[in-house]
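Have a look at this one before I ask anything.
Residue numbering begins at 1 within each chain, and the chains themselves are lettered A, B and C in the order written.
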């Protein structure tokens, strides 16, 4: 299917630039997020000390913040890294894991979105719905239900905030505040491993790092369409090799590593809902 | 072999309820514990901030506390989560990893067992022996020797404390303070990967979540017999597919994911030592 | 190729002693470092609380310190563990991950190397070059360039400090301050997974634990030659089984677990550059 986003070109750009992605992420996914970034061709670094996050963020190509196992120090570090990235023009991706599950997570997500200018906001449908005030349900860190008009609510939020907004699930929605895409590659096994959303967030960082910063949300949304399509197609390829979620996780890194841009382009299921 | 615990029915109950298991666990196993829970059909959440552990514990089906890489904040968070769970009637599973290795671990285990009412206490034979005062040896986090009368000592502790007590190893022992079971499914490769005991603890949480709380230790012990038998049979199936501990770990999640209750029932090796 | 270091004898020694290796390591590699140690035949423990690191270090066969995701508490814990190990004669391995990337990492590495007497210092070529003042470049946690005279600079540093110095990469260099070895086993896929250097550090700890302490850097350098050759040959064997980095990681643990000392000896590529 044809699409205005040249997925193969984006993938090449990541592999050529090998961007440094600075992650402040949760304790569950540190290893798999780093391996996902290496496999797609980026260079991951994890650093959370208040003494260094600003320095690391400024030299990074992108900063990916994930509040999956937040605590006071991590929230403070995410804010410091995010603000330093803002000051240096480095794009920031934010993943509000589990927002809606506890008041503490709601407060942390509000603090981060208020104080840090985001390039991309990504969550599952429940999390994004809760965060942007469209409704939605979250059970622990799992989405339990989304608003029916979520893509439209996302579009309005993206426009008001000037960032790309991304809700992932069986269908992924991406918007830059004007255009809305629906992406339907992927495989159910992706939901059977922990951290598949968090790996997506890290990979979004790698693609954000090679986007044209001057184009703002427009470029970041296209980067997101490319990143998720690559990731989801890798998921499809991995599912073909897997006997279950354990072998799927290993196969996912293999597939990302060997991913062929032309093939991704060929099988991409990218639909433009609004433009 | 026939057994009074209907292993297949317990497994179905977990898969149907998809219980939220709130884990405060160690840095080594966060990923594999979450993947183990997903694979068996539960919904894992990891959260350790003092600001939210009570909220998360109260909405969970069970709370699993594991002190493998404890520190001051984690011990405090485990106590807060445990007490909140107690207040809400949510069962608490405690894994005193490495108790006996350092005075700090001994003190933390004592604090937790004194201040939190447990539904299940699980460790390796060395840890359980040390914790319940029956003797036993621990080297780092490995069991180096168990008391010869461990099952009897466990039974007395379980009776006095009103909780199920579980010691895992080549043979697992489970008691509710009256009955004692010996479980002998499993495979030596389970001891060749890190965190196989910690995954067991997380999975015990999933089964505790679907036990009848009103029956207390009686139900929790039966849940433990079912949980460990499922887990151990998955270990056997995984070992058939594996070439060593690396491929075994992946195959273990595959086996948990596809586990057939009727098959587990058929091959279960559950012996009742006392009733 | 013949070598003065009997790699097979060292491997046997590790497997027979099953040494306890106390790791204070980064959040990305806790699981894989523990699995690497188990697979080679050692007993891993991770512990970072200030209240117990000294106790744990004193009962360990070796202490492995890795600053990959350092923060204030971790740096303090590493110093406490290192000094306790020094007091008890327990060898300390230090991995200055990402030194050169931020001032905070530079300061932490300086603090650790000044206050703790090391048995082994290991990093990638960029990190070692930066730390010993020979030049080199680091991007996040990846080496981006090494000094051309790195082995000689390492030799001088090792001699001055009385420790073995190890720089890993496509070719690994090991020196005790007098002799210099170049090791060229291994496979490019080792660089495609996160933490392959950190697993090496943990395994160096296992071999340091069975070295003759009285011989000092001489024995620790030989232990390092043996450890890295075993690890690199396992990497070669794993690459034969792998379809990419995901299956490679699993295959690496399988290969370490089944590693045959005689085979390692046969295919070892150990060159003595200076003696």
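Note that in this section a contact is a pair of C-beta atoms (placed from the backbone, for glycine too) under 8 Å apart; a residue touches a chain by one contact, two chains touch by 3 or more.
From a predicted model like this one, the values you see are computed outputs, not experimental measurements.
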More than half overlap in residue numbers between the two sides of the subunit B-subunit C interface, or less? Answer same or different. different
Fitted rotation between subunit A and its twin subunit C in degrees, CA, nearest 5: 120
When centres are defined as mean Cα positions, the distance from subunit B to subunit C in whole Å is 34
Flagged in subunit B as touching 2+ other chains are 27, 31, 249-250
In the complex, the residues of subunit A that touch subunit C are 20, 22, 27, 30-31, 34-35, 38-39, 43-52, 55-56, 59-60, 73, 241, 249-255, 257-258
Per the touch rule above, subunit A residues touching subunit B in the complex are 26-29, 31-32, 68-72, 98, 101-105, 139-142, 192-195, 242-247, 249-250
